[in-house]
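As structure tokens, here come the structures.
Here come two complexes built around chain A, the first alongside chain B, the second alongside chain C.
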Partner chain A sequence: MTAFFCELKKARRRWDWLVVAGIPLCVLLWASGGAPASGDERASYYSSLLYVLPVLHTVVMPVGMAALASRLWDAETKGCTAKLLYTLQIRASLYGAKTALGAVYLTAVVALEMAGLLGMGRLSGVTEPLDISRLAWTAVSTLAVDALLFLAGSLLCIRFRQTLLVMGVGLACSLCGLFAAYMPVQFAYFVPFAYFLPLSCVGLDWNFETRTGSYYALPFQVPMLALTAALAALLLVLGWRAVQNKEV
Partner chain B sequence: MLHHCIAAENRKLRGSPIWVVFFLLPLLSAAYGTFNFLQNQGVLRFNWYNLWTQHTLFYALFFFSPLVGLYAAYLWRLEHLGHNWNLIMSQPVPPLYLFMAKLAVVFKMALLTQGWMLTLYLLSGRLWAKLPGLPPAEVFLWALRGALAAAPVIALQLLLAMLIRSFAVPILIALGCGLAGVVLSSRGLGLVWPYSLMIAGMNSNKTEDALAGSEFSFVLSCLVFLAVFLLAADCLLRKQDVKA
Partner chain C sequence: MNVIETSGLCKQFGSHFAVDHVAMAVPEGCVYGFIGPNGAGKSTTMKMLLGLCHPTAGHVQLLGKAMNDQNRLALLRQTGSLIENPSCYGHLTAEENLQIVADLKGVDKKDIDRVLDIVHLQKDRRRKVGQYSLGMRQRLGIAMALLGGPRLLILDEPTNGLDPAGIQEMRALIAGMPRECGTSVLISSHLLSELEQIIDQVGIINRGRLLFQGPLTELQKHSRGDVVLRLLHPEQGAAVLQRSGLTVRREQQDLLLPPLRDARLAELVQALAAAGAGVVGVTVRSCTLEEIFLNLTESGVSAQ
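Now for the complex of A and B:
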């Protein structure tokens, strides 16, 4: 617990909360571009938001999570504190505290985004009743993939001192994820940083002739969520091992 | 004096990992663009114009701003590490020269990126998509306009990276502002937001010229934004030293 409070103290003047608020803001700003203009659109606005969110996450989250991981670990790189921390503090507690703070940030990102989504619905006068189970599923699946991305970013930060690499990989993942968004959904299974897509709970049936679409509910992909959680757990262990074995 | 500053900044890029990002990101964008072009032949026409729209769509919309943000953040990060900030501020050169040297070097990188993107467009059109004939001359003009539109974005990103000592935050801001640029462009306000200028200049996702008749406004907008950001950098560097 002391290590966690130490991390909170380090974060006090780092303005991390602005980054935490900025990530959902990016997503919601982009989503606001498709605000409903007609009664028909208002009647399916929540579904359209839940449909489009995974694609927006695929672009924004790899960069956003790389930025958050970099904020937490770069403080030690810039302050040259590795020698001090890795010898005076129990390494597992350092890694645990940073990961716990990261978990708090990720929860805040998802909570802000879901609150923003509800706010957008209210402001636009949506007439569609909100399906709480789909909202909860979107929140949980977003949190799981965010955790996967954050832990991957943390691992890169621990292994390499170059923040450039972490952000470069984040941008590349974002681009590949976008690629996956326009491919058959099976392709996304091989792209873990785009798991937002196969975890989506709303589909769109698009009619090219009439240029209209209707949204439909997709089954919750529980095995996919379990796979995401397992990959995140693997990255957690890899990060812990990287901290344990790091030469200072 | 400025020439020496530019030479010093250039030296910092030698052997830098930034070149990996420089090569990789446009390559991914080109692979994606060509693949999408070939997969959507039911909707798109099989010509160089349509290949251009697919190549530049996501490149100009989402990735160019964070990419130049990354170049800018890298150059300032070197100054934010250790005691380098105090060292450069005590050099016998006007502080604005330091900023302008970085602007020149990042602009050179942006030009190279545009050139690399154009090369990939030609190669993938000719060798992968096997398009007949030559690409229209307009695409070279659009690439040049994209380079011009890059200048104010670079100046703003350098300003942000100078003020914000974090490496990652200015890149995230670039992504967010780029997304805001997409929304503003779709509402016809592309020329009043620096991050939208790239979309307009590159003629992304449009086969007819989006700037037809408003080229002067576009160039003026680029120059005004650039001047404002340079002035801001000058004021900040002269009067309000950045804490390091």
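Now for the complex of A and C:
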């Protein structure tokens, strides 16, 4: 716990919370562009939000998670603190504390986003009843892919100590994710940072003639979620090993 | 007891030995100067002592105990260190930086006042470290190392970036450590002259090999230089000396002889006097420590 409280102390005046608040704000502002204008749209607004969120996540989260991971690790790189910290705490405790703080941030990002989604529904006078299980699935699957991205960002920070590189990779992943969003969903299975798409729980049946769409429920992709969690666990282990073996 | 002892310590990068079978012994209660030119292997050795990089071969003993993964942290918590640049968070104040270190060391926060006093940073304790000069950061690094009253301090070129007054202050602080706090100090520098006023023991390293280790007084014995003879009749004297098998050099009116043992020198003076060379003066030149250091590091001769 000491290591975690030290991480909280290090976070003072670092304004991490701005990034934490900025990510859901960015997603929600983008999503608010499709605010319902008619009664029909209000009748399916939650579904439309749950449909569009994974696409927006695919673009925003790789950069957002790279920013969070690099904020956490950059303080150590800039301050050349590894050679002091590794004489005071076991390496695993530093990595564990940073990952725990990252988990707090990710939970906050997802919680703010889900709260914002409910708020947007209320403000727009949505008439569709909220399916709590779909909201919970979206939250859990978002958290899982966010964790995957955050741990990948952390691993890059530990290995290369270059914030710009990590941000650059995040940006490249965002562009690839955007590309994946326009490809058949099977394509996204090969792009882990776009796993928001196959984990989506709402589909859209688009009628080209009437230019209208109707949303439908997709089955929860539990094996996909398990695969995401397994990849995140693998990255967690790789990050831990990188910290253990890093010579400073 | 030795507070630091290494045996066969090696660090190899590819085919290059950055540290080559170093056997170092730092006695308790001393200030040990670890001297060597840039790139000699000082920092790598110190990092291996602190477990920051893994030795290719060899063993490290700290505070009388063989260091291993199980006891490493317990031993290092009794050790303060400052390796290369000071480690600190620029967005936090000195006090906040020290609080983090105190928490990790398990040291009472009251100790922060003591160490800030020692390094004269009381007035700036609430300023962000990002606004500090390099010298102030260096002093903060020392303060972090001193937290908790460690039994051993490992300082890698701690006077880097300090102004002359700061260097003097730092020297006085380090020199007083064994006496005032019971702390043994291992301090590195690439300049022997910088440390010779404060160290008791010295280790000289070059190209990864420890060339000399022992008391400073022992190193000073190596400082025995040429013997200068002032004679009334140098030509006559030179002939006597050459007959004795010595290589004699002429420097104006003086004759220069290579370093000699006292008994041999006395014999020669007697012979010169008997031959009527007129011995006016005998002076034994001494090399400066810097010259010895250069001789050792340039020749690579081991004088352990």
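Note that the second predicted complex is superposed on the first by the 248 of 248 C-alpha atoms of A that agree within 3 Å, B and C clash if a C-alpha of one lies under 4 Å from a C-alpha of the other, contacts with A are read in each partner's own complex, and residues count from 1 in each chain.
In this text, a contact is a pair of C-beta atoms (placed from the backbone, for glycine too) under 8 Å apart; a residue touches a chain by one contact, two chains touch by 3 or more.
The shown structure was predicted, so the numbers you read here are calculated from the model rather than taken from an experiment.
Trainee: Where does A:Lys9 make contact in the superposed view: on chain B (first), on chain C (second), on both, or on neither?
Mentor: Once the two structures are laid over each other on A, A:Lys9 reaches chain C alone.
Trainee: Mind working out whether A:Arg122 is in touch with chain B, chain C, both or neither, as first, second, both or neither?
Mentor: Neither: A:Arg122 stays clear of chain B and chain C.
Trainee: For A:Thr163, select first, second, both or neither according to whether it touches chain B, chain C, the two together, or no partner.
Mentor: In the superposed model, A:Thr163 contacts chain B only, not chain C.
Trainee: So in the superposed three-chain picture, is A:Leu88 touching just chain B, just chain C, both, or none of them (first/second/both/neither)?
Mentor: In the superposition, A:Leu88 touches chain C alone.
Trainee: Thinking of the overlay built on chain A, is A:Arg211 touched by chain B (first), by chain C (second), by both, or by neither?
Mentor: neither
Trainee: Identify which of chain B and chain C touches the larger number of residues of chain A.
Mentor: After superposition, B is the partner touching more of chain A.
Trainee: In the overlay, answer first, second, both or neither for which of chain B and chain C A:Cys176 touches.
Mentor: A:Cys176 contacts chain B only, not chain C.
Trainee: Which partner does A:Lys78 contact after superposing on A: first (chain B), second (chain C), both, neither?
Mentor: After superposition on chain A, A:Lys78 lies in contact with both partners, chain B and chain C.
Trainee: Which residues of chain A are in contact with chain B in one complex and with chain C in the other?
Mentor: The overlap between the chain B and chain C interfaces on chain A comprises residues 14, 78.
Trainee: Okay, in this complex, where on chain A does chain C touch?
Mentor: Interface residues on the chain A side: 2-3, 5-6, 9-10, 12-14, 75, 78-90, 247-248.
Trainee: Taking the complex as given, what residues does chain A use to touch chain B?
Mentor: 14, 18-19, 22-23, 25-26, 29-30, 32-33, 59-60, 63-64, 66-67, 70-71, 74, 78, 162-168, 171-172, 174-176, 178-179, 182
Trainee: Which residues of chain C touch chain A once you look at their complex with the stated criterion?
Mentor: Per the stated touch rule, the residues are 47, 50-54, 73, 76-77, 79, 81, 83-92, 96, 99-101, 103-106, 128, 144.
Trainee: Where on chain B does chain A make contact in their complex?
Mentor: Per the touch definition, chain B meets chain A at residues 17-18, 20-21, 24-25, 28-29, 31-32, 35-36, 58, 62-63, 66-67, 70, 73-74, 77, 80-81, 165-169, 171-173, 175-176, 179-180, 182-183, 186.
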